[in-house]
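The structure that follows is given in the form of structure tokens.
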Amino acid sequence: MDYDKLAKMSSLVPFPAYLGFEVKRSDRDCVVVEIVLRPEYCTMGGTAHGGFLMALADFTGAIGAMEVLPEGATSTTTVESKTNMIGAAPAGALMRATATPLHIGRRTSVWTTRIETDAGKLISVTTQTQMVI
Amino acid sequence: MDYDKLAKMSSLVPFPAYLGFEVKRSDRDCVVVEIVLRPEYCTMGGTAHGGFLMALADFTGAIGAMEVLPEGATSTTTVESKTNMIGAAPAGALMRATATPLHIGRRTSVWTTRIETDAGKLISVTTQTQMVI
Amino acid sequence: MDYDKLAKMSSLVPFPAYLGFEVKRSDRDCVVVEIVLRPEYCTMGGTAHGGFLMALADFTGAIGAMEVLPEGATSTTTVESKTNMIGAAPAGALMRATATPLHIGRRTSVWTTRIETDAGKLISVTTQTQMVI
Amino acid sequence: MDYDKLAKMSSLVPFPAYLGFEVKRSDRDCVVVEIVLRPEYCTMGGTAHGGFLMALADFTGAIGAMEVLPEGATSTTTVESKTNMIGAAPAGALMRATATPLHIGRRTSVWTTRIETDAGKLISVTTQTQMVI
């Protein structure tokens, strides 16, 4: 995928653009979004806030859902999202969210998103259902 | 609860403070957090982004978990969080998150958080488990 | 609702009928299903098995989804289900599952089901999304 | 792992034993449980009932949690479980649940369980948190 398309995706949705999420790869099989963890995205101990992780995962899975929309569909919305928090990521770390599809259907798609640090430490795992609109 | 304590809670955690969440009530039975939905917290259609809703719910439930920590415990961390997205909230709306406990235990507490607009429209429902630390 | 309709509902779906779930009330606002907890439905300690609780909740919420199907729809299927296990129910206890809707839509409905013992002890809470078919 | 230990695991917990779940492999990295889908384990259309799938996943993940208990711990309990229903499995199919750990900690372990038919069709995906006791 070309750089311009990825840059456009990164700026498309206000909240993810506001936080600075960058789409690094996007196709039907896999979406990768990265961001350096700023101190203001942390919880008290200086590690990634759970809400930040869920926002990052939600955007990554939704980009995936856009990639697999069936013909005639124009958009997608998150129906539900479940996250297990696994490890702590320190401020300054490069965070990488990787979404892969569990299901690509006519009415929904289901995505699992793993967030890891650049060092490969698993931070959280999210599974979400996206409705086709 | 006095105003100073609530203001301190609102500024305690970097990510929620950065987003401007305001704790309006906090006790063992109920936590209420409010924020006016800014356009940069929205998704493409100008309504609340799912990630924003999950961040708001996560903070609200975690404040509740702090309120019910057993003696000797000092903190809490989110183990898991599940959100069902129900309705759309338009930019400019006053969002109100209300968390109530499903379970208060020695090792965990479990919270359900409903996010509604000021007009009483249900936007999302989150259930999360907080570990006692 | 008359007794015959409830009895028919209880025998409609093979797995719930096999386990002996009994529909006690069913309308758009609330579904109640009861069963006495047999020892073979338990985990090692002689209390309700998590899988049994999830099966009971799934059936109860799905009955609710049937009640609110929009015109022209004929059935429903569970898209996702999330359960928090709260307390232990002893063998022999009368278990009561009560489902209420969080959302009734054209394409989905969302239900929360609380399972309690006859003594009012909270055992588990499930939230599930049902797709309209 | 030897056959006797697996047979013992299969008969250990009343509800899974009642349903006939068979542990085929169990170690720290992976647990596999199989069962042929009987008609009484189905929903109206003659495919696996969601509650049955959740019971199968719950048992499989809990066996995994037993495998990784830290020293001094004696048991485990399911804290929460979330399932996405993906495909339909017909009565008579051999169902295979495979659990792998997302996290092995001192206080909890987190497991993802995929249920597939013998033909490799994905039926459901469950993520659950097990508390160390």
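Per-chain residue numbering starts at 1, and chain names A, B, C and D are given in the order in which the chains are listed.
FYI, contacts are C-beta pairs under 8 Å (C-beta built on N, C-alpha and C of every residue); 3 or more make two chains touch, one makes a residue touch a chain.
Here the structure is a predicted model, which means the values were calculated and not measured.
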Steps needed, at fewest, to go from chain A to chain D via touching chains: 1
Between the pairs B-C and A-C, the one where more C-beta pairs touch: B-C
Same-site or different-site touching of chain A by its copy chain B, using the half cut: same
Inter-chain centre distance, chain A versus chain C - centres from mean C-alpha coordinates, in Å: 33
Cα-centroid distance, chain A relative to chain B, in whole angstrom: 21
Between chain C and chain B, distance of the C-alpha-averaged centres to the nearest whole Å: 28
Chain C, residues touching no fewer than two other chains: 79-80, 82, 84, 129
Residues of chain A defined as touching chain C within the complex: 79-80, 82, 107-108, 129, 131
Sites on chain B touched by chain A in the complex: 12-18, 39-44, 49-52, 54-59, 62, 75, 77-85
Residues of chain D that touch chain A when the two form their complex: 82, 84, 86-87, 102-103, 110, 112, 122, 125, 127, 129
